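Here come two complexes built around chain A, the first alongside chain B, the second alongside chain C.
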Partner chain A sequence: MRRGGREMGVRAWVDRSWRHAILLPLVAVFVLPLVWMTTTSLRETGKPLPRTLEWVGDPVAWSNYPAVFDLLPLWRFAANSAFVVAVAVPLTILVASWAGFAMAQLPREWRLRLTLLSFGVQMVPLTAVWLTRFVLFKQLGLIDTPWALIAPAVMGSSPFYVLLFLWTFLRVPREVFESARLDGANPLRVWVGIAMPLARPTIIAVSVLAFVLYWSSFVDPLVYIRSTDRQTLPFALQMLFQLDRSNWPLLMAGAVLVTGPVVLVFLLAQRYFLQEFRGQGFLGR
Partner chain B sequence: MSGTRIWSRVMLLAVVLATGVGAVVAPAVRVRAQDGPSGEISFAFWGDPAEEAAYTRVAEEFEAANPDIDVELVYTPGQNDYQTKIATDFAGGNPPDVFLINYRRYGQYAARGALEPLGPRLDASATLNDDDFYAPPMEAFRYRGGELSCIPQNVSSLVVYYNQDLFAQAGVDEPEAGWTWDQFAAAAEALTVDEDNDGIAETYGLAVDPSMIRYAPFIWGAGGEIVDDLDAPTTLTLDTPEARAGIEFFINLGHTGIGAVPTEAELLSEDDESRFMRGGAAMLLQSRRVVPTLREIEGFAWDVAPLPVGPAGPVGILHSDAFCLAAEAENKDAAWAFIEYAVGVKGQTILAETGRTVPSLKAVAESDAFLKGNALGGELGVGLPPANSRVFLDTIPDIRRVPSISTWPEIEEAFNTAFQRAFYIEIDVDGALDVSTFRSREAFQRAAEEDQT
Partner chain C sequence: MIPPPSAQAAPRAPDKPNPALPAVVPAIRGRGRLRAIRVGYRGQLALMLAPYLVGTAGLVVLPALIGLPLAFTDYNALEAPVWVGFANFVELAGDDIFRKSVFNSLFYIALAVPLRLLGALGLAFLLAQPFKGTGAYRAAVYLPTVVPDIAWALVWLWIFNPIHGPLNQLLAVAGIPGPAWMIEEWGARFAIVFMMCWQIGEGLVVCLAALGDVPGEVLEQSRVDGASAIQTMLGITLPLLMPVLLILLFRDTIFSLQANFVPALIVGRGGGPNYATTFLPMYVYTNAFDYLRLGYAAAMTWAMYALTAIVLVLQYRVAKRYRLGFGDAE
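Let's look at the complex of A and B:
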């Protein structure tokens, strides 16, 4: 029994080593740019960029971080970004889950038609709607307000998010919803009480995707915002990008500050994704 | 990037409608009120944070001098993003009243009548005269040789930045005014050092971007022409013995010739400015805009020299941006008052202090603000490099320019794609000539059709 246990331990160890041998190089590919970004952000400014991958410079220039705040109103941009995300992400979840829920209740034929329509809309390039949106926002008086940036959330931000919810709700046996309805629950109650609790992993996934979408959007603020003090964080990065190459440690410091929240959100949401592998998430069903 | 460009062009088509309608309903020219213009105007511009600070200062000092006018600043960091933004603004019927633009890009607005001509306003100005400005940038903003569309703020031509220490070490004479192409090529070759003979030089003689605005002075310097007619061009004219000689001289500097310019792979690992700042390139061909960057160099002495002189005599190429007034602007008098201030002595002095521009106004170009780079509040008479800033002014009489037709950016793109290949890998000049001529043909035709003036 003990011998067997040890053998199992060894085999598991070998298995794990193999998996690590495959995954570690992959991890390196994705992590190295982040490492480079961070180490470069600690280099002294006023020197040409390194020609090779350089580990932490000497001396370590922590002062680059306060310098970014001196150079531009980063708090202002961060507050604007935070406001857009705080409104747009919950709104996206609300609208996309409603739309997905409604589509899931439709007869098959209509559901397919709407699914096809969603795919079609998904394929329209963003550049094709800049001008029409601009004219629309101008008529509505939204140009140079954060509402122009939040507006897509009113339509669920992306047809893809709606489809994610649709697929989640389709996995729930129809009888579950129908029996609730027979018990006298109205659609809103079914959505709140049954559909949404079952869709938790999807809510997390769409929240993360929508967060990244609004947090990193550059073209929307570029086109719809005029005043610098109403701009968002990607605009700050573009400002830093204009600096001379010798000052790019400041750009990298800015990049670390801007990507930080994204990494944080992903780490927080990660445990819900991992649940899926254990069969509790919607993909595991 | 090119996708973005195409879409901004599509959006611009809408300007045709917008300005057409605007012309019909535009009120008669307003009689100027006696107490001067007032109200709010918007001003769009691009630049790095230092330039943003400078333009903000121009606007603030203007507001202080004109308390009845408010300037709304519309700032975009990158130049390409800026083009996208103002193209959308114009197409969406919400253009900035005043905006900054390069002479190689304003044609698309001028062709559609989206710009208010500024010639008559300059003639009527009490503080500025046509003669106060250098002629080459002014000519560049006379659309198709007609009326002055915009007022240029700078004349930042191409020069040779060189590392004085590397010249001294290699025992090569520093460049002087009037130096020849042969001396230039010989210096570039002598300063290229490949100690371990691995084909990758530790120090290159020259760093230069093989794009049209760098090829151009060599094509002209050999007696060639880029287009058949500067104001109404219909085709590229690079297939002449003279133009070819200029192109071949330029390409020969690269690694298919004497190998004095970094290869494409070397360029990808380190850009030209960083290489020059590190001491990895002895000469750098650039306009005035790199000066603030190079002022951070600590390890060696550097200066500027004029471009070398080719068989057809001295020639330079214009780099210039101007303030334009949108035809749709509601408060044109207030907008003009701002332009008049920004391109005037006060405005240009503030901009010259960034170190990035060569002022278009002779009085400011001849001042210490430009020649010595004295920042406001800095020690007078100390001076920042380059010591020989006068080079930028001495080359002005020999400056030439490329056309400003509406599709010019596309034509440059066609040229650049072909001739970057010809520079870095050995596709022959014939191939590059054919490709660029063929790919630019449609753009020349479209420019002629789009022109509504």
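Let's look at the complex of A and C:
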């Protein structure tokens, strides 16, 4: 017994070590660009660029970070970005969860049709709608306003988010919604009182995805925003790039500042969409 | 806790109505009333669905369709469009840069899509079984996917710097002379593919979800039957995953065709060198918003649709021919 137990232990240990031996270098490769982004941002500006591999600059210089704030009205851009995110993310949750909730209770046939439609829309390349959205926004007077950036939230930002909510609500036994309905509750009450509290992990996951989407969006402000003081952070980075195309430590400091919030939000919430993959009904439905 | 005496006295016959129900049900079951509630509920559900459907129609479906007539006009977004018939398409046929951008795009998807899919699938296999540290590994692999496009492009522009960039320094340590990357045409094409292989988080999540749905009993049975881990993977898990992989392939093909815009703009500095990274979205953007030739750009967008459709149909036919993701798995 004891011998067998130890053998099992050794086997498990070998099994584990194997995984780590493969995964550690792989993961190192995946985070390497971010490591380089950070280490380069800590190099002294003006010091000749390295000609050999250099991990951390000597001395470590934090001066590039205040320098970015001196060059650009970064708080202004950050406020613009924050406004877009603050409006677009809740709106996305509202629209996407409503749509998913409604689809989950429709007759099967209609649900399938709408699911197919959602997949179809997901497939439309965004480049295909740049032009006509531009013309549309121009007609509506939205060009050069934050509303042009927020607009996609009106459709729940992405059909994929709607599908995520749909799959979440389909996992709730039908009788739960049904009985609330027979008790005379209207859909809005069922949505607030029963559906949303059950969908907390999905709400968090979609919030993070939508946050990343709007915070990082570069093409939208590039196309729809004209005035500098209405731009968002990603565009500020592009301005920094145009100011000085070879000051790498400064550019990387800017990149870290723009990337930081997204990475932080992602790390805080990642367990809600990276941890549990058992029996989601993904293949079957 | 103590059941009422009537219920305790005699076990209810199965077909006898529940004595608790009659008091409540008629109130709801009154004919007209039920109807009223039903329609009302459905109607309200439809209202909750409306923003999504109307928004999708207004922001995706209609804009995508309106692009068609725009392609037959000369339009600079300032004056009214002028009808020019097929002139834009004729010009497109003789446009050398357009031809080059079609080639670049095809080269890009031919290389990037399989690499991204294999990467996501391979990592999903390694990370599917929970063990100590899975969470951290998954998060680390997903991390590059959330980095804003512009920051990602800038850091790679630095990494690909032929003299000072960390990549060539790293290669130098290994004794390999690094290529000039963004300075030569083929170096630039490979570089853009290379940097897009990091952002595969979505594919990873989809593969993980699909792997989590493979019934455990099937795998256990295969193990009991004496199949090795590799045999089980190739013979059972992969065929079960095929439908999902096929959808992922279509999705990534479409995504890849448009996702190279920011890299081309920043890392390729507007599609260079010598138009080597002028992919279709880049050329559409240049024509529409730099040259204000929205009609010509619309024609190009339609060419891009056609190209996407051709590639998808080809993939579909190959998959069907070799029965990948069709029939067997069901």
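Note that in this section the second predicted complex is superposed on the first by the 232 of 285 C-alpha atoms of A that agree within 3 Å, B and C clash if a C-alpha of one lies under 4 Å from a C-alpha of the other, contacts with A are read in each partner's own complex, and residues count from 1 in each chain.
By definition in this document, a residue touches a chain if its C-beta (ideal position, glycine included) is under 8 Å from a C-beta of that chain, and two chains touch if they have at least 3 such contacts.
Bear in mind the structure is a predicted one, so any value in this text is a computation, not a measurement.
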So in the superposed three-chain picture, is A:Arg226 touching just chain B, just chain C, both, or none of them (first/second/both/neither)?
first
Once the two complexes are aligned on chain A, which partner has more residues of chain A within touching range, chain B or chain C?
C
So, A:Gly46: does it touch chain B (first), chain C (second), both, or neither?
first
Between chain B (first) and chain C (second), which, if any, makes contact with A:His20: first, second, both or neither?
second
After lining up the shared chain so the two structures overlap, which partner does A:Val176 touch, if you call chain B first and chain C second: first, second, both or neither?
neither
Let me test your reading of the model: by the given contact rule, A:Leu140 touches which partner, first (chain B), second (chain C), both or neither?
neither
Go through the superposed model and pick first if A:Gly156 touches only chain B, second if only chain C, both, or neither.
second
Tell me the contact category for A:Phe241 with respect to chain B and chain C: first, second, both or neither.
both
When the two structures are overlaid on chain A, which partner does A:Leu72 contact: first (chain B), second (chain C), both, or neither?
first
Go through the superposed model and pick first if A:Leu116 touches only chain B, second if only chain C, both, or neither.
neither
Kindly list the residues of chain A that each of chain B and chain C touches, one partner per complex.
49, 51, 125, 127-128, 130-131, 134-135, 138, 218-219, 223, 235, 238, 241
What part of chain B is in contact with chain A in the complex they form?
3-4, 7, 10-11, 14, 42, 47-49, 52, 72-78, 81, 84-85, 88, 91-94, 269-271, 273-275, 277-278, 292-293, 296, 298
Considering the complex alone, what residue numbers of chain A touch chain B?
46, 48-49, 51, 71-72, 125, 127-128, 130-131, 134-135, 138, 143, 218-219, 222-223, 226-228, 235, 238-246
Could you list, by residue number, the parts of chain A that touch chain C in their complex?
16, 19-20, 22-23, 26-27, 30-31, 33-34, 36-37, 40, 49-54, 95-96, 98-99, 101-103, 105-106, 114, 117, 119, 121-136, 138, 151-152, 154-156, 159, 162, 181-182, 184, 186-188, 191, 212, 215-216, 218-219, 223, 233-235, 237-238, 241, 248, 251-252, 254-255, 258-259, 262-263, 266-267, 270-271, 273-275, 277-284
Chain A touches which residues of chain C in the complex?
28, 37, 40-41, 44-46, 48-49, 51-56, 58-64, 66-67, 70, 77, 123, 126-128, 131-133, 135, 137-144, 146-152, 154-156, 158-159, 161, 163-164, 166, 169-170, 172-173, 198, 205, 208-214, 240, 243-244, 247, 250-251, 254-255, 257-258, 261-262, 266, 280-281, 284-285, 288-289, 294, 297-298, 301, 304-305, 308
